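A single structure is presented below for examination.
The letters A, B, C and D name the chains in turn, as written, and every chain counts its residues from 1.
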Amino acid sequence: MELNGVEIEDTYAEAFPIKIARVLITGATERWALVAAKEATGFGTSVIHCPAEGGIEKIVGGDETPDGRPGVFIQICTFGFKGLEGQLMSRLGDCVLPAPTAHMYNGLPDAEKQFDTGNKLHFFGDGMETLEEIGGRKVYRIPMMEGDFITELNIGAVEGIAGGNFFILAENQMAALAAAESAVDAIAKVDGVITPFPGGIVASGSKTGANKYKFLNATSNEKFSPSIKDKVEGSNVPADVNGIYEIVINGLNEKVISEAMLAGIKAAVMIPGVKKISAGNFGGSLGPYKFHLHDIVK
Amino acid sequence: MELNGVEIEDTYAEAFPIKIARVLITGATERWALVAAKEATGFGTSVIHCPAEGGIEKIVGGDETPDGRPGVFIQICTFGFKGLEGQLMSRLGDCVLPAPTAHMYNGLPDAEKQFDTGNKLHFFGDGMETLEEIGGRKVYRIPMMEGDFITELNIGAVEGIAGGNFFILAENQMAALAAAESAVDAIAKVDGVITPFPGGIVASGSKTGANKYKFLNATSNEKFSPSIKDKVEGSNVPADVNGIYEIVINGLNEKVISEAMLAGIKAAVMIPGVKKISAGNFGGSLGPYKFHLHDIVK
Amino acid sequence: MELNGVEIEDTYAEAFPIKIARVLITGATERWALVAAKEATGFGTSVIHCPAEGGIEKIVGGDETPDGRPGVFIQICTFGFKGLEGQLMSRLGDCVLPAPTAHMYNGLPDAEKQFDTGNKLHFFGDGMETLEEIGGRKVYRIPMMEGDFITELNIGAVEGIAGGNFFILAENQMAALAAAESAVDAIAKVDGVITPFPGGIVASGSKTGANKYKFLNATSNEKFSPSIKDKVEGSNVPADVNGIYEIVINGLNEKVISEAMLAGIKAAVMIPGVKKISAGNFGGSLGPYKFHLHDIVK
Amino acid sequence: MELNGVEIEDTYAEAFPIKIARVLITGATERWALVAAKEATGFGTSVIHCPAEGGIEKIVGGDETPDGRPGVFIQICTFGFKGLEGQLMSRLGDCVLPAPTAHMYNGLPDAEKQFDTGNKLHFFGDGMETLEEIGGRKVYRIPMMEGDFITELNIGAVEGIAGGNFFILAENQMAALAAAESAVDAIAKVDGVITPFPGGIVASGSKTGANKYKFLNATSNEKFSPSIKDKVEGSNVPADVNGIYEIVINGLNEKVISEAMLAGIKAAVMIPGVKKISAGNFGGSLGPYKFHLHDIVK
């Protein structure tokens, strides 16, 4: 199968369940809402070494926020709800509460699972805080240095999906990178998803286990490493490929992951020098979700 | 004392020792080096709830990097060296190694304390990595998906200073915020320092302990809360002030903290509506470093 | 009338007919499409001294462009169609054709008035160019240094409206400026309009004619100048106002101008320190279009 | 000759005299100074169809500006001083005066040639303006809507150089583009120069005259067009090159042009996929300045 002359491999992305909390951060201006959102979702690429995965989902105008100010939806993801509660407390308490003009609202008010993170933050007010309603949401107004911090009492979470993905194989590194950037831009226009890696892009592919350093659970996947393709028996890197990036997508459900994969792949294949689109899986043994590229790109 | 017609209060900032590691991240372009740097220093405002404090120190051209590519110096800070080692491993391993085109070098090669973070990362290469020298630095070249990841073996660290600070008190929130933004821009031009909070700015001031919720170690400082200045006995908020921001500065030594405070204060007082510059301390009981505003602004 | 506690004056914006061409610039990535769009619309605030008014209308994904790449719609405006033809030739020929990865398409393919700007550019190909069809549009493919430049043959234009506007009066300059920035962000989400001034904002209000320098057609409107409000008899600057910005909006028709004014005003009144929203007119003697604030903010 | 394994062709850039005015725009913050600077230098790639060439030279802190605020140096260039005077009046009067918080100062106070642009703008004040001194510069303070606009009376200009250049030839378009971006970033760190094209980069190379359309003075240089290299006899495009960008540099004198070319070339050759650096000339028949690549890259 080809799209814009680029081969779409007959393979699938294997993905996993993850717990996702969704927060709406509003600001005096869009720019200040983004400042808080970036800080709160940083150090959040992969739960392998980061305490959570996180990213910016979308920017909205004042007509889509409880307080009429511009806002940014973020997602914070961990494998368990318990870890998620801790991460919400730390990331919202230490990165959104002190951020200039940032206020926070529940990004999943209808979810069954609700954390009382905002409620807990009210103790910071030391008795000067007040319970109010803004745009139909129950909030605390906490006096502090810049003025008042507003936080909705609850933050909702759902079981979503982590690790939706596809690979971009290109003639060289820069073609692969431009394609990855354009894919991430396109995915940013899809509701319900984030791309948690730096700039939305993964430069390093892992395999489970190791050939040499057996004490490691994951090491670089030498079969997808262009610089050693001639030394590695059974390399999966085609002769005309010298740069590969992976786009990893987390999202609220299978539908949005599929939409995001399609949007990203369609953008990537427009870049000259892109040779092939593939995807990462572990033979189906690990993740319950499978996203077949040929089903997505119809 | 006045500067550009703005009162400089006769007070001082009280600051603490902290351990600071300094990393030089290079990229194919300045923009990609920044992408890695932002991810690696996110969720890093304050060690109260963040696992480390972090920030971008400065951008440099290829003439100041071992590999001739543009780069970004970042600082990662924790109270102890043990915690710092873990944060370096997690933040560099999970936010720089997978970032597009990012390579990492020692930002303090002459420091006595050196962590072998880069050396440990070589195991990811699973035996395909090679030991080389680039620009006089010992590095590992690790084949991976995008091509090769380059990491210097060691990352140096020193005992530096956290919590250099000053307060900007203004007629209203937006004047205080514009002044804070301009201060942060000015501080970004000073070598050796970072401003770890979101956008470099703190919207929430704390006091130690609590009046009402005695189980808390720190709560909002009601005496610096403009919205309740008429309700709080002994409020420190002047009648003509309705917005306050704090700039918090970490840095390698006293000299750079002083320079940064001066640069920031000089920028802040240029903004119309700024009424007063103050600073935060705990009566001198906690931190060994004191930065007197009247010594800094001479 | 009040909105979020801010007075909406009972007045109207007076606007004028102008000719508007609309161009869709696509790029390898959104970022590169924006680079071309900004260059092509620069030096384009007001036809008083600029050769045209111009601005970015909106960013679109590859699903809304003929070539499947991300794109940016821009508008170029002059009083006459003849001047517009020259400006299209100069701005598209010298700012879009040489811009990295930029291609150009007709942003108003159904308009009655069509300029053959793209067709004229084909001569640059010196005979090596070819006539093709992309996404149903007739285009020239012109070989050049980066590869091929693609241009649709025609660029459409309509008679639209210039000078939709409102004023933001605030306690001080920084509150007015933050409100103006937020208003411009909100207007950017409305289709069919641009805000041609720098950052979308006007810092200087004019009156027709002059009190002292009679040889000038337009001079600073001293009655809207906060710094001299106490010296000017009949000043329109309220006692509590010390900073005023105007947002000027051009757009395809009355409907989109009204929508943009509403979106901008709703955003502006959310900023603390904003005191009043007004609008600029010349007593109705000049412009055929009147946008009453009380009709728009219902 | 090779640099980082990339061939540096034994050729030279041919450049021309041009008149350059230099303006220092200050703003409340760096961001707002940049907003004015970008508007004032837009529609300014080449005097072929643009009324002037323009660009941002460098950003400076408040310690390098007369008013203590952050600033941006811009250059505006035309072939004659008469045209330059008109462009300064239009671009500064219509793009800087109305830009939020922007003030303007002489960027070449010691130049022999001085235009009284700022002095002429004082008439906009309609008699309410005042003559003052700021940081040793004679300025007008003009009351207007946002507060006061400050303009120094004179703007200096010199005879400088236009058309310093080099070509980046790469394996494909995206490698060439990343190299061009990195080159422009590096050149931005050199004092005294601008890169007037969109993003600093030229996608289209011209030859003088035409093969087919003899009525044209300049057409696409088919010998540097990768997409038709197999059809064009005597093509200069190497077999392994499929994308070429040119960096064009204007600057105050030969020394800064040479420095900028060196900085840009050193950055460009670091990008994987770059094959060759060349330069553009007309056989030495037109421009009096010659910049030999082998002299610059020693």
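The rule is simple: a contact is a pair of C-beta atoms (placed from the backbone, for glycine too) under 8 Å apart; a residue touches a chain by one contact, two chains touch by 3 or more.
This is a predicted model, so every value here is computed, not measured.
*Asks:* Would you mind telling me which chain pair, A-C or A-B, is linked by more contacting C-beta pairs?
*Replies:* A-B
*Asks:* If every chain is reduced to the average of its C-alpha atoms, which one ends up farthest from chain C?
*Replies:* Farthest by centroid: B.
*Asks:* Can you give the whole-Å distance between the Cα centres of chain B and chain C?
*Replies:* Chain centroid spacing, chain B to chain C, equals 39 Å.
*Asks:* Taking each chain's centre as its mean C-alpha position, how far apart are chain A and chain C in Å?
*Replies:* Each chain reduced to its C-alpha mean, chain A and chain C end up 34 Å apart.
*Asks:* Centre to centre, by mean C-alpha position, how many angstrom separate chain A and chain B?
*Replies:* 25
*Asks:* For chain B, which residues are shared contacts with two or more other chains?
*Replies:* If we look for residues of chain B contacting two or more partner chains, we find 28, 147, 173-174, 177-178, 242-243, 271-272.
*Asks:* What part of chain A is in contact with chain C in the complex they form?
*Replies:* 4, 28-31, 61-63, 67-70, 147, 178, 181-182, 185-186, 189, 263, 266-267, 270-272
*Asks:* Show which residues of chain B lie in contact with chain A when the two form their complex.
*Replies:* Residues of chain B touching chain A: 28, 32, 35-36, 38-46, 48-51, 54, 89-91, 93-95, 97-102, 123-128, 142-149, 167, 173-174, 176-177, 180, 197-199, 201-205, 210-213, 216, 219-222, 224-228, 231-232, 242-246.
*Asks:* Looking at the complex, which residues from chain A come into contact with chain D?
*Replies:* Touching chain D from chain A are residues 170-175, 177-179, 242-243, 271-273.
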